[in-house]
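Here the chain labels run A, B and C in written order, and each chain numbers its own residues starting at 1.
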Amino acid sequence: MNAGESLRLLREQRPLVHQITNYVVMNETANATLAVGALPVMAHAREEVEEMAGIASALVLNIGTLSPHWVDAMLAAGTVANERGVPVVLDPVGAGATRYRTETAQRILDSVSVAVLRGNAGEIATLVGVAAEVRGVESIDGGGDAKGLAREAARTLGLVAAVTGPVDFVSDGDRTVAVANGHPLLGSITGTGCMASALTGCFLAVAGSPLAAAAEALVAFGVAGEDAAVGAQGPGSFHVNLYDALAALDPETLDERAQLS
Amino acid sequence: MNAGESLRLLREQRPLVHQITNYVVMNETANATLAVGALPVMAHAREEVEEMAGIASALVLNIGTLSPHWVDAMLAAGTVANERGVPVVLDPVGAGATRYRTETAQRILDSVSVAVLRGNAGEIATLVGVAAEVRGVESIDGGGDAKGLAREAARTLGLVAAVTGPVDFVSDGDRTVAVANGHPLLGSITGTGCMASALTGCFLAVAGSPLAAAAEALVAFGVAGEDAAVGAQGPGSFHVNLYDALAALDPETLDERAQLS
Amino acid sequence: MNAGESLRLLREQRPLVHQITNYVVMNETANATLAVGALPVMAHAREEVEEMAGIASALVLNIGTLSPHWVDAMLAAGTVANERGVPVVLDPVGAGATRYRTETAQRILDSVSVAVLRGNAGEIATLVGVAAEVRGVESIDGGGDAKGLAREAARTLGLVAAVTGPVDFVSDGDRTVAVANGHPLLGSITGTGCMASALTGCFLAVAGSPLAAAAEALVAFGVAGEDAAVGAQGPGSFHVNLYDALAALDPETLDERAQLS
């Protein structure tokens, strides 16, 4: 794991990260992708997603404002990504809140080989069949054993699971890494989970493994959150600072600042 | 009417506010909802809106970028909300600008029991059959008798009408309250009307009556606008300050600062 | 060409600019439109686009997140705009990246009389049949002869072509104007190309010719970019400053600051 080196590669290679994501955060995840150094592209039409996914370096699927046409596009893009060896991130926004969200997330997991599943505790618990309280798209679940949940999700679903919260846990089923970077203000604005998923896509394009990519992305995002909180007067100024902080991330010091365990 | 107490309850209970709204402002209304203390959820698929509306504490319908599938979802969600006693806000964005907008707003009013109708003078006038000049989604109408308009809309349509402008008027047909809080910079960015509607949804979840909810939401939003204007260099910095100001609203002083009459 | 006078007229007349654009930037282009002094309206339903385009002073078509229903709406709106003499801007986002984008941009150009085509070098080169490297929605093409490309696009397609980049080139086939205003930070956030297209729509409503409108819009946007960079700490604060700077543009000094050649 070497977050600084991955960040350096990201900025050098500027990988294209195809995102089929929700209406609420499209601008935000595109700007976070640009700020960290990669190139975002948003495309969801059935007519072009296969071609776009095929030329991308990573594909991010996010069901935050899902509807049937978009789900079809996600499945088609995911299939091509798998064929071409393009790694896929799934963000199961609101799984557990409605049957449609839960079933759609499961359907994507059944049809597409997902490299990293990034969600909050409630969403991930839902997908491994553990009872969870999800209110809308917020996980209310106090946390419980998030570390064990990440490991279980990784084993059950056969992927890298990233369960984010006050401390994030990333597991490939064998190794489980805790990332303690971040700041409470990240919970005060919408879309920070989605940004974490987008950044995971960016790091997947350059990192040594899906486990490394997910952990490195969360280190980078958490450190940026810490920097963004400095001088923030509330959620609005924190939000602005977050893009400045992502763009200012220093590959030389990123690993020193990582709070991994 | 007690805006401070409602704000305190909002932050304590964190009600889920389901919003079927327009593409332009989704991020903005979600962040305003979070900043004031509630939990937003955006969901528009016919496959899930009934389930989502059924678990929400309020439902906000906003036709700003309407299309047939979205209108169907609004009607379905509104019907379930009515059955479950979940209060509904309607923001008839651009009613009067095109026949489709006017007819859709009327159709929702005919099919769904709306607790609060929040719009500008041109939109509300259109819906009560008064001639109005609407250009796109902006009300050009100088104002005229906005107070009388609010009362007439409330009586004719059988709901609480909130006609916003330099001074806002909220009426249930019997009582009409004027809210003079706010700042001209609120008119310099897109989506502030939509944010006012989203906040009305938040307050509906906790306030004593729809009239109180609408007036309290406009007091809170107006006071935040006044605070956001301090030090703003223009619409961009005002927009950022607005979220900081919403999050910083003080329940203890909110009613002292209310300019009600 | 008189950018200051057009800006003055814009703020006086507040023309309605109908935009059928992509999900990523809708809030951004609406706010840029408001900041410069015009009125934006976003409407994409087949049920209303003809009526809305018919009452607008300019129509902006942007294929950034295209899908069949939206393309149909663009064609319908464009046709009505042509009948009513409402000038049309086309932003062929990502032409060259996928066949669907290239073919859709060509289809719009075949069906609608476009006053100004605004894109990056890769997009415009694709549409005049010159080989170009486009990655997602970013032009990677080093530039080459952007001036010649603008002229060739104008002649081949029979419109005003605005090829934006470090230096922008605007041509009607006879005259080609270079606009050297701007700042590298404009490339650090998503949607600045889309904002340039939206502002071109604003200026089309008041300028003396499509050539003047496109060049004046790029002068105004470039000067605002220069002002926004002052004190910016990165892409987040630059983005905020950009709206403040657009709103603060001074008609009296705009032409002195224009770097035209």
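The rule is simple: contacts are C-beta pairs under 8 Å (C-beta built on N, C-alpha and C of every residue); 3 or more make two chains touch, one makes a residue touch a chain.
Note that the structure is a prediction, hence the values are computed from the model and not measured.
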(request) May I ask you to sort the chain touch graph into line, ring, star, complete or other? (result) complete
(request) Could you check if the interface between copies chain B and chain C is built from the same residues on both sides, meaning over half shared, or from different ones? (result) different
(request) Quick one: report the Å distance separating chain B from chain C, using the average Cα coordinate of each chain. (result) 32
(message) Can you list every residue of chain B that touches 2 or more other chains, as numbers and ranges?
(response) 23, 27, 239-240
(message) Which stretch or stretches of chain C touch chain B in the complex?
(response) 14, 16, 18, 23, 26-27, 30-31, 34-35, 39-48, 51-52, 55-56, 69, 239-248
(request) Flag every residue of chain B that touches chain C in the complex, lowest number first. (result) 22-25, 27-28, 64-68, 94, 97-101, 135-138, 188-191, 233-237, 239-240
